[in-house]
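Two complexes, one shared chain (chain A), two partners (chain B, chain C).
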Partner chain A sequence: MDTQSLTLALGDATHSGRTFDVMPIAGEEPVLQVIVSGAEETPVYITVTDTQILCLAYLFDEQELAPERLNELHENMLRISVPMPLSSLGKTGQHYVVYGALSPTSGTSEIMQELVTLAENAIDLLQTFEDYLA
Partner chain B sequence: MRTVLKKILTAMRGGVNELGEAVVDGQGNRILEQELRDSEHELKQAKQELASLMAEAASLARQIRTEQDSAAKREDDARKAIAAGQEDLAREVAERIVGHERRASELTQTRELLQQRIVGLKERVQKAEKQLADYRRELQVVKTNERVLRTTAQIDTNINSQQSSLSTAKETLERIRERQAREEDRQTASATLEKELTGADLDEKLKAAGIDGEQDAVNDVLARLKGGNANP
Partner chain C sequence: MAKKQDWSREEQAVQAVQMAFDLSNDIQRAFRVSAAMQDMTTADMVRKVLHLPYRKGRARPRLTVTLKDEDFELLARKYELDPQDRAAIRQRVAEELQGFARQYLTASDQ
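Let's turn to the complex of A and B:
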């Protein structure tokens, strides 16, 4: 599965009543932005490597958080990461992200399931952790 | 693996990665890839050597069997010669038997040495395979890390060029709330419409005004049963 075939596959597909708006992100790396209908506020980004299909959504940046509550937030993020379906929490650069990794041999249906779950999880997480914003 | 993970964490904390810069630099990456290639090469060589040693051991086993078979056959011959009183012939055959047995024992010794080398080589192959798997895992971590950093840098640049800036979590939350409110409004509206279509809304209004058709009918029947004077 590469980003090109993903773009074609997702363009016309529906999954659990959702549609997908796919847009390539210009640059050296093959990156797609996918907007899942009904969860438009949290776009999911996909990149495909030799070993995995990586999907991620941004939650918040470090500078948006109340510094004195950072430890508590981290603790809660670690705890919630385990039971959350198909997604984990992480940090890259200044961005806190929710992400999921799939095998490169995954089919379109698994990828769509991941995208829908990730976009919905991102919304739930944002609302859950809203209190920690500065 | 530990070293790689620690390097990544140290670099991250230092904020080296802000522009998606490679954390374990290209040089380190190349060294890792070279180590991987060396390991692969060593593994390939060891496996080839192992295959040829095993072939040699099999061939030796075959030769040992041949010598043993020949010795056994000559023993029969020697017995027959002794039975026939051919002492000289029997001695000649016995000499042959000694030759076969000697060769068999020499070959067996060689084969045992070979077996030891095979065992050692198998251990080397296993070690190289494990090493190779370790290197591959390390390289995967390093490469994935770099990919994630480059990818997020690319996303940020792109979003920044499209909008004035990356939208903040608060703005996103606001948009989520607006959409959720719109969805709720839509649901309320469709529930209202549903009531209008079925007439349920009128029934509710009548009930609220104390006018309940069902209740009136029951009262009428009760009054009729009590006095037979239900109709005014």
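Let's turn to the complex of A and C:
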């Protein structure tokens, strides 16, 4: 599965009543921004490498957080990351993210399942961690 | 840490997503700001840039806020009013919003 075939497949697809708005973003590495219907506030970014399909949604930046509660937040993030379906929490640069990785041989149906779950998890996480924002 | 596998390709992919995120944020902000300055919706601004038909001038320019029960409670405490006296609370909300708008317009004139 590459980003081009993914763009075509997602554009016309429906999964659990959700549709996907796909926007390719130009750059050295092809990246897709996917907006899942019903979860418009948390776009999911997808990139495909030889080893994985990485799906990632941005939660908040480090500077948005209350510094004195950072340790407590990290502890809670690690704990919530295990039971959370199909997604994990992480950090890239200053950004806290929720992500899911799939095998590059995954089919469209698995990818759509991941996208819907990830976008919903992102919304839940934003609500869960609201109190830690400065 | 022990010697780890070569994940440079994956690191690169994460960087690419980061750049895409920053870029799409900048693009979205540009559309929101230009739409606001031309008194248009963001969706119409996108249509204008693409030379697609769009609605000229907002059909219903309005400023609304939906207040929930708990919002009325919070506002009543702030204004020291009875939470049941919703008309008085709405009146104070309207005054506060007008105050903000006046201050904002004066500040941007300077």
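The rule we apply is simple: the second predicted complex is superposed on the first by the 134 of 134 C-alpha atoms of A that agree within 3 Å, B and C clash if a C-alpha of one lies under 4 Å from a C-alpha of the other, contacts with A are read in each partner's own complex, and residues count from 1 in each chain.
Heads up, the rule we're going with is that a residue touches a chain if its C-beta (ideal position, glycine included) is under 8 Å from a C-beta of that chain, and two chains touch if they have at least 3 such contacts.
Keep in mind that this is a model prediction, so the values were computed, not measured.
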| item | value |
| --- | --- |
| Clash or fit, chain B versus chain C on superposed chain A | clash |
| Partner contacting more residues of chain A (chain B vs chain C) | B |
| Touched partner set for A:Q52, first chain B, second chain C, both or neither | both |
| Touched partner set for A:T42, first chain B, second chain C, both or neither | first |
| First, second, both or neither for A:V31, with chain B first and chain C second | both |
| Partner chain(s) touched by A:E64 [first = chain B, second = chain C, both, neither] | first |
| Touched partner set for A:E75, first chain B, second chain C, both or neither | neither |
| Chain B versus chain C as contact partner of A:D131, first or second or both or neither | neither |
| Partner chain in contact with A:D21 - chain B first, chain C second, else both or neither | neither |
| Touched partner set for A:T92, first chain B, second chain C, both or neither | both |
| Colliding stretch - chain B into chain C, listed as 40-48, 58-66, 94-102 or 148-156 | 148-156 |
| Residues on chain A lying within both footprints (that of chain B and that of chain C) | 25, 27-29, 31, 33, 45, 47, 49-52, 54, 56, 58, 92-93, 95 |
| List of chain A residues in touch with chain C within their complex | 23, 25, 27-31, 33, 43, 45, 47-52, 54, 56, 58, 92-93, 95 |
| Residues of chain B that touch chain A when the two form their complex | 17-18, 20, 140, 143-144, 147-155, 157-158, 166, 168-170, 172-173, 175-176, 179 |
| Complex contact set, residues of chain A against chain B | 25-29, 31, 33, 40-42, 45, 47, 49-52, 54, 56, 58-61, 64, 92-95, 123, 126-127, 130, 133 |
| Residues of chain C defined as touching chain A within the complex | 9-10, 12-21, 23-24 |
